[in-house]
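Shared between the two complexes below is subunit A, which has subunit B as its partner in the first and subunit C in the second.
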Partner chain A sequence: MHRGGRVRGSGGMSPRLFWSVASLEARTHLSYRFNFWLNALVGFLVELAIAWFLWDAVFRVAEEPTIGGRDFDGTLVYYLAVILLAKLVRGREFEGAVSHDIYEGGLNRYLVFPAPYVPFKLAQRLGSMLAPGIAQMVLFGAFAAVFFRVPEAMRPTAASALGALAAVAMASLLYFLMDAAIHMVAFWADNVWSLDVAKWFVASLLGGYMLPLSVFPDWAQRPLELLPFRFFFDFPARVLVREIGPGEWALGMALCAFWCLVCAGICRWIWRRGQLTYTGIGI
Partner chain B sequence: MIRADALAKTFKVHKKEPGLKGSLKSLFRRETIEKHAVKGVTFRVDEGEIVGLVGPNGAGKTTIVKMLAGIIHPTAGEARVLDYRPWERDNRFRGRIALIMGQKAQLWWDLPAADCFLLLKEIYRIPDDRYRATLHELARMLDAEKELNIQIRRLSLGERMKMELIAALLHSPRVVFLDEPTTGLDLSAQRAIRDFILSYREQHKPAMLVTSHYMEDIQRLCERILILREGEIVYDGPLARVVERYAPHKVIRAHLRRTGEPPQPTAELRALGEVVQCDEDQLCLRVPRADVARASAKVLEGYAVADLAIEEMDIGTIIERIFRERGEVQA
Partner chain C sequence: MRRYLRLYAHFIRFSFSKAMEFRVDFFFRVGMDVFWYAIHLAFFTVLFAHIGLLGGWTFDQVLVFAAAMFFVDAVQMTVFSNNMWWLPFLVNRGDVDYYLVRPVNTLFFLSLREFAANSFLNLLLAMGILVWAVARYPDPVSAGRVALFVGLLLAGAVLHYVMTMIFIIPVFWLQSRTGLREVGWNVSRFGSRPHTIFTGWMRRIIMSVLPFAFVPSVPCAAHLESPIAAFLLHTAAVVACAFAVMLALWHAALKSYTSASS
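Coming up: the complex of A and B.
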């Protein structure tokens, strides 16, 4: 049986090509105007409304001034930050793209291109998220500034915004690598949907999307700090609202980078084995 | 340019018994069977050649193309395309081949072709001036200049296929794999695609491997064909020789003028060949190729012939027979 051997001359992807791919994908998504605005408005408003009513009820029942270290306004601001930043991290429409390519034979096209597959998908994902994500951040950030009571201590500054941007960029890469590694199981499994659901559940629970991580018990805090999931939502949101200072930010970024390397290694390992079994169905 | 030596591919597929019992059983234990899609094929395709891969569904044509394009790994054997092992996917190899799939769109559906081409320009690192010149040449040859700025999904099937061809050839590949390039196209579009492929080959001389179920594609494009049956090559040689070897007879069909007396198949007539039909309207005789001229002359001499036609067995029918028979066909 041929073992494939090392792919020679595969190299990386040039920045120019990366940008061309991202740009093409962005243009594709921007051509669907109705879909763009519907997702932007409905997605944001529904999620915010759920957070609002849920935490309003929790605070009224608990009759406590703070929960997890934040008052009601602070909790809402945290959620606003999570919802907005998650759009730049998650890239919802692109989840499952790798397994889809494997199952439908769409991978064939990429295997014939003289460009590496995983960076190509990353560029496509970035393109699909960037334009709508930025538009929504600007629109709804402005909405929040007008309609939300943002506690003084949590008001974003230029420095916190830059720090959050860097954290989001790293989080987006980490999320992509984790998603890609899971979906590459499609080389062997007939269906990876259940793995994907499990991934999202774990990421959203342990990442601060479902609940602020500060409400977890004390014994869970240290493991949560070390696991990769908090870097998806909790970490960038807290950087933005100035709950994380420069020192903690630097440590967090280093740990996130470590997890990126781990996930990249796993991706590479799975890819090298999986593509040996690929049957290229679809042509 | 393309060389395959004992190339083979075996797939492991899961087998499941039908019904609910079978589904429950497969939760715990799965039976795997081996499917030998390609069984040690050896052939070569040189620069400027167009070789046809012909065979029934499941014969292994597309599996061979996938191995040679580097999409899948073979189970055994060796192949070299432009001196590279395709499945190692060296970028220098991938930058010089093209794969065109008639049944699967490769361009981005929601964008105009021109946008897709710009991305391909970056992928293949085509210099600006060469890109513009090649795009202009290909669009002119395919008469597709007006459709370049229309969304791919709004184009007809024939127009989309033209864009797929342009996309695949923008980087001037040295080896081109065409997998059913005219499937689903109307007659004029099929003709246009075939003419383009021949014209392109004349100018650029790539090595081309074509798979198709349409005999018109094979007859018009391919000087040489490989006939595949159950994963093995049973014939490798010129198309013309298939007809000569496997269809040793022709049919002489004479439409007769009515003379009041129906013709009789005489002993002399039977000596020329097999009498297929003999009535007051028609006389049909199956004769060996070498005897066609003599038999035709005898028919014209001996009967009141209004019109005479000499018929060849359809190449598709000949190849179908080869699909069904056992043993190798001599080239």
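Coming up: the complex of A and C.
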């Protein structure tokens, strides 16, 4: 759809409107309670069980008492932190996705809304994941705290929880911007689902979700530090379990902010070009 | 039987012509699966930098396992996945009616009508990786054993379909968006690791009630370890039981199907 004048894609949005969109989305998502909690509980237990048995098998035959700087208990606590914090970083993927709006012609209504599109989608995403994510973190975290032995050095403090909260907020923004950029490829491609899934595969390995990044070989450590993926899972989890000091935290946050700017720039660039090809009729 | 084979050939032909209309998606899908293969190979490679055995299996054996997992997944994605995806929508919209009135078995039609031609290239790729992993395996393996291995893997793919259906069929009663599909997807992840890492009650569960160990870990064990007869009998019993449960659920579901959309 070719439109005259300025199109509001990623400009400013009033905080009041932002939070009212987020709140509406949160109420919508909490209405399907049975399915949501069943899936959340089974997903959590399966992930934890697989991690437990995998690392139990690894430590049974390992020659060293620690791998990647952690013993068996420490590794499980790392996984626990990653699994729980990821709920606030990933959200519900493909829910209210940008690509759906493009394919189904639903973008039309956003283009005439007196609010910019990208922050609007960010508010929707926050609303869909914030309340359920926090509820899961508290409930599952409390459950796990009963059954897991958390080493003294890894016990979260108020300061580490605050630092992790900030890291999760930044990670969530980065994840959203990367998602949005990928979904906007839908302006040209007939299906971007595969791209989104491929991004998750890469992020899960290079972000520390499948394996703690510290178990990767030495030659891979520097590239892993510089790439944006570690900020999704590894960085917030390590901040929470006090493996990252204030100096490293500040440096990490600065690098994550840099990647957010890069992704926002890419989003803006794709959005501007994509609109010129958008027809508004859906497929 | 010939009628059904002819019908399936038509499904495949339609799917290929449809896939050719969405060429970009075709290549994206290939790329996605290449990433998935690479990620899993990297995962096991990094783990084996710290250990010599995982659940009693060497790196070469785990490579065969990973390749078998790619193969079963590719079969699943090509033959069943699209159909499983659409089934809850058809039930919720009352569209199963159109399939009930056709002179073809409804379960056959709904399970196999969409052949994912855009995943077919990935199936060839996965087969290539499987051949490579088996060929580089250091111990000699007879041709008969390889044939049996492929047969067990195909049985594993069928079992995966059956288990997925068992989790989707409750949509007839729950009227939720996807039934228990996500729950099924979550528990199916037990199949993504060698079953030998699981011990005690967990091992018993994944070898019986939630038999994801047969997709594809047990076929690998049958291929790499002796004796094979016990694996064959166990696999046959599990697949037969799961299939019977799925059929019973399916018939009960059709009886309670009201056609009313929600």
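The working rule: the second predicted complex is superposed on the first by the 265 of 283 C-alpha atoms of A that agree within 3 Å, B and C clash if a C-alpha of one lies under 4 Å from a C-alpha of the other, contacts with A are read in each partner's own complex, and residues count from 1 in each chain.
Definition applied: a residue touches a chain if its C-beta (ideal position, glycine included) is under 8 Å from a C-beta of that chain, and two chains touch if they have at least 3 such contacts.
Because the structure is predicted, anything quoted here is derived from the model rather than measured.
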Could you say whether A:135 touches subunit B, subunit C, both of them, or neither, answering first, second, both or neither? neither
Output check: A:58 vs subunit B and subunit C. Expected answer is one of first, second, both, neither. What do you get? second
Thinking of the overlay built on chain A, is A:194 touched by subunit B (first), by subunit C (second), by both, or by neither? second
Pick one for A:21: touches subunit B only (first), subunit C only (second), both, or neither. first
Go through the superposed model and pick first if A:280 touches only subunit B, second if only subunit C, both, or neither. first
For A:49, select first, second, both or neither according to whether it touches subunit B, subunit C, the two together, or no partner. second
Could you list which residues of subunit A make contact with subunit B in one structure and with subunit C in the other? 32
Tell me, which parts of subunit A touch subunit C in their complex? 32, 34-35, 38-39, 42-43, 46-47, 49-50, 53-54, 56-58, 61-62, 64, 67-68, 188-192, 194-195, 197-198, 201-202, 204-205, 210-211, 215-217
Going by the contact rule at the top, pick out the subunit B residues touching subunit A in the complex. 11, 62, 65-66, 69-76, 85, 87-92, 94-95, 97-99, 101, 103-104, 106, 108, 110-111, 115-116, 118-119, 122-124, 179
Write out the stretch or stretches of subunit C touching subunit A in their complex. 22, 24-25, 28-29, 31-32, 35-36, 39, 42-43, 46-47, 49-55, 174, 176-178, 180, 182-183, 186-187, 189-190, 192-193, 196-199, 202
Of all residues in subunit A, which touch subunit B in the complex? 1-2, 4-11, 14, 16-17, 20-21, 24, 27-28, 31-32, 105, 108-109, 111-115, 275-276, 278-280, 282-283
